[in-house]
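Below is one structure. I have some questions about it.
Each chain carries a letter (A, B, C and D) given by its place in the written order, and its residues are counted from 1.
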């Protein structure tokens, strides 16, 4: 099989990462690469690490340019994917790395994004119950947010096994690439190096309803989430510390067993041996998820902690993994399982 | 007044920081500096930033060497402070930056530290209710742990004002200096740069009972704490994200008012204007505490987040602040309020 | 003495640093703080570390606002200082932290800055031969560039003692704050963390003629400089590796002796003991210069390496040190000698 | 072809990196993995990023364990490779990532390493003139040092084209992984983050004679090198700033032409377009070399700057590249050309 793929938004971090992965994907040929303000520039000037693609010229993002490919990856600002997708045929696989088609509830969308809801596409987190079935053969994929990926993989086993009460508290640290490539003063190296800081505190982060959606689906009842994201002094990586009160009578052994069962056959989720804790460095640049869970007998809480690369498994890797499923390719094709460490 | 101060454990990070502060303290003259394995070396070889003290020679830690000073700062491994303190007169102010005398409950001590309880000294967190009274004139001070400092300052106002339910969930990120200067592979720069990782997960961290002690005292009832510390890729700083369920009927305005009242007159605690969040970079090298609080109306939780420098306000700065009170000096003498930023 | 000082350009890194130092200066009262695009904002929103000044409001930079102070610090873009200074009386001490008045040669200025030369003011590097005499009592000071400060202090002793040939090769690494606070994509944390990169290669950096000016003055003949600056993944600090061919017959002992003699009485320059090398962390936030020199007998080169904090000794600290001299205050007043380490 | 490969010294950084690459190499099956003090441990406990190999148990390093493989990679301390290699058959390809067989001059070896010279093997820097011929079919490979790789690729074209005088000045910044995984206080994260520092100044670094060897071979005459290595606050990467006086009459165009010609057909060396400068982030985890060269007309110097990943192209990637040549495989097999950025 030879799949021709285009990437819209190729000048940003998500676009660059999907190009990095596609360049190493044995079944994919990279076609058009498009951008908005960088259109007309050499890709090598904007993404200097992408040497094999350095001489490609960024085209202006348009349906005309993107048409004629088997797969189109969209790494566009919120609200722009629907218009582009509509102009692409139903036989083109459109993989949206933005937020537009992630949420099922239109009211949630409108409250958090302030614009009309565009719809809901099959959700590109294959490890969720039922997700692979929905992804197989689809031509539209909504790639999850980076935080919801980390949090859902950490807590779904607890909720699916009815081990946890329906209120989760999540504090996650993200590398700065999660904030994108637009130059803002608070994202300058001088500001972020040597510093930890929170943002979107108090329930305002747009990824919160997506977490609630996934955990509630697993629990079969509404799960509330208190979510605090923090910015960490590193380019990549998410460490999500996810806790929930254990239901009465739950034991540490039951918790461990639920996680072992949930991820026994997952190619990318690595439940660490007991006593070993994840570090974001171990998954740097890879599609791997490192995960550990503990039960605090004093506080009666389950603490599940996951580490992912926000740009790989959290965005572009999850996108390629879902593409593989949609196209009937082996799910792990072209996806590194080993992080670049140290 | 001229206060002669000795520092035991001067080769480590806490010892180095207290020397940095004392060197700029207008009422203090630095006397003996002692160490264990580094004894006999020039201080300049071990702490190259302490230029004015570079030619001092580290002496072996002993009561003989430490005697004859007005104040003795102890930065020793757990369990070693009691023996030294006993040999110093009751007129010498002993400021213990270790854990030995922090906990009131002997059973807690023995469970978490595995050795007999040495006793309890006045607790060097002046911002706690009643603390200044206990510190005034004392000749023994137990400096709090760095995490308990950050967490207590963040949550005590909520518990003192009866705004929060009695189970707190805390996730805190610390710079690597909190782990000390002993060379361990997982603390190598190659391992920690670009990486976030948790440790002591599930209730095992020794600072947990100290947090419970402080929050329970404020609440007037036992407060449980789920505490997860994480190691962040920065040398200094703690960002503590502290949340607790709000009691029924509590409003955002009440929460804000409680914090404004609690810290209106505190010289080092800076409650930020609404909408601005703390960053550890802003307190780098200073004794300041930057703090913000929010109420999440969906999750019904109070989220209080504090930023401190773990070595300054979290250790050596808190020690000097408490010394000032004990000796009747103005509390802020010799303590920087402005962090080194960016 | 009570000195009233104003700071123009208080929203940037140089302006913030001079305010940090002035807030701790026992003889200075801070008056007006001004900015351009941030005018009207609270200083606490722009410089959150400056807590004691948080409620000051930034005024628009103008001679009217700046008049009526004893000292005015200018942290303005190149080319704007002359117009402001002209409107301030000759009795006002104007300390320019920009480049406008550093160069003596008008042709050099025009070639590197592309605008007419504004003139030359007494040069604020007190450690240079003759500099203190020129600074005493002056009402105009040109603060050196950060790189020329580090490089001149490293190489002037070799040239003043006629130990080195007249071609120096300098490679220096700077923290990102040297590039300022304007948000540019290549200065994002995501780009700079984990990365070293050069810029201004091949002789184009504007600090090159300033280095040549200082070294040539010391040598009594023109000294050429090959200068390559690099951007390092840290907020602050310059490490300048400066090498020059030794003149025939020069010995290692002569080199050492020249440096010991040059800096024996300098309050801020710390020539390290032989075998110990400087690290930028040791001078973090301080006005100290850590320096070491070696003689490579195979390559017949002198290698002098200096570490400074680019914002402190390299900019704002050098400015305050020179102000102290101009006003007849003890030179070290208000200037930390100990870095914040680790 | 199926190549069975063993790795001795698999617990360290070089060993871990070669395993990461071999795990993605389509022609290699990983056999024994050995260590010294970590023998008996699960690889997953020591190298947590190597998930597919997590359950492998480290064996004690011995010729018996290593025998029976087609290729043996040695990542051992200096001086230990010869004894192991002697016990392996002449038909086994031994790839030494240590220093033992790099130098041709026994006196140089003895001076810098203080032990008897073990010999000289074909040198694993395929981009050097004649290197591929020597590597084809060989069963013994000496992988170059990381700094000599970066420096030789930067300066050999200038010397091979007789453009430069015979004295080079090199200042290079390295990530901390170059110093290895042994826990030493000065390599702690607390010490290295936010800090630049030099080491091995004045001609003492052991990579100096290796650079001289390579540059002299290219020049056809002895080239002296003044080399100053510095430690940068990043885990990986080398940025080598290499300068040499241009010979009389040399023009910028000649310099550019020489480099374009030298690297026109090299798969891993990427000479950047004029005006664009390398950054270590762009080659993170890849075998790519990013390179730029300039001519400073004032200083009459050629400045060539290269960026490599010290663990990949600088060690394990160079090892695999050379293995591919020795075994007759396509040279780029299994080697990423795209760095993990940002």
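Following the convention adopted for this analysis, a residue touches a chain if its C-beta (ideal position, glycine included) is under 8 Å from a C-beta of that chain, and two chains touch if they have at least 3 such contacts.
Nothing here was measured: the structure is a model prediction, and the numbers come from that model.
For subunit B, the chain whose average C-alpha position is most distant is D. More inter-chain C-beta contacts link the pair B-C than the other of B-D and B-C. Averaged C-alpha coordinates give centres for subunit B and subunit C that are 35 Å from one another. Per-chain Cα centroids separate subunit B from subunit D by 45 Å.
Residue positions of subunit C touching 2 or more other chains, listed in rising order: 13, 175, 177, 181, 188, 190-191, 193-194, 233-236, 279, 281-282, 284, 342.
By the touch rule above, subunit A contacts subunit B in their complex via residues 167, 169, 171, 173, 175, 188, 190-191, 193-199, 201-203, 208, 224-226, 228, 230, 232-237, 239, 241, 243, 245, 277-282, 284, 292, 294-301, 303, 305, 307, 342. Note for the complex: subunit A touches subunit C at residues 13, 175-177, 179, 181, 183-185, 187-194, 233-235. Put simply, subunit B touches subunit C in their complex at residues 13, 16, 20, 23-24, 42, 44-45, 47-52, 54, 177, 181, 193-194, 235-236, 270, 272-273, 276, 279, 281-286, 288, 290, 336-342.
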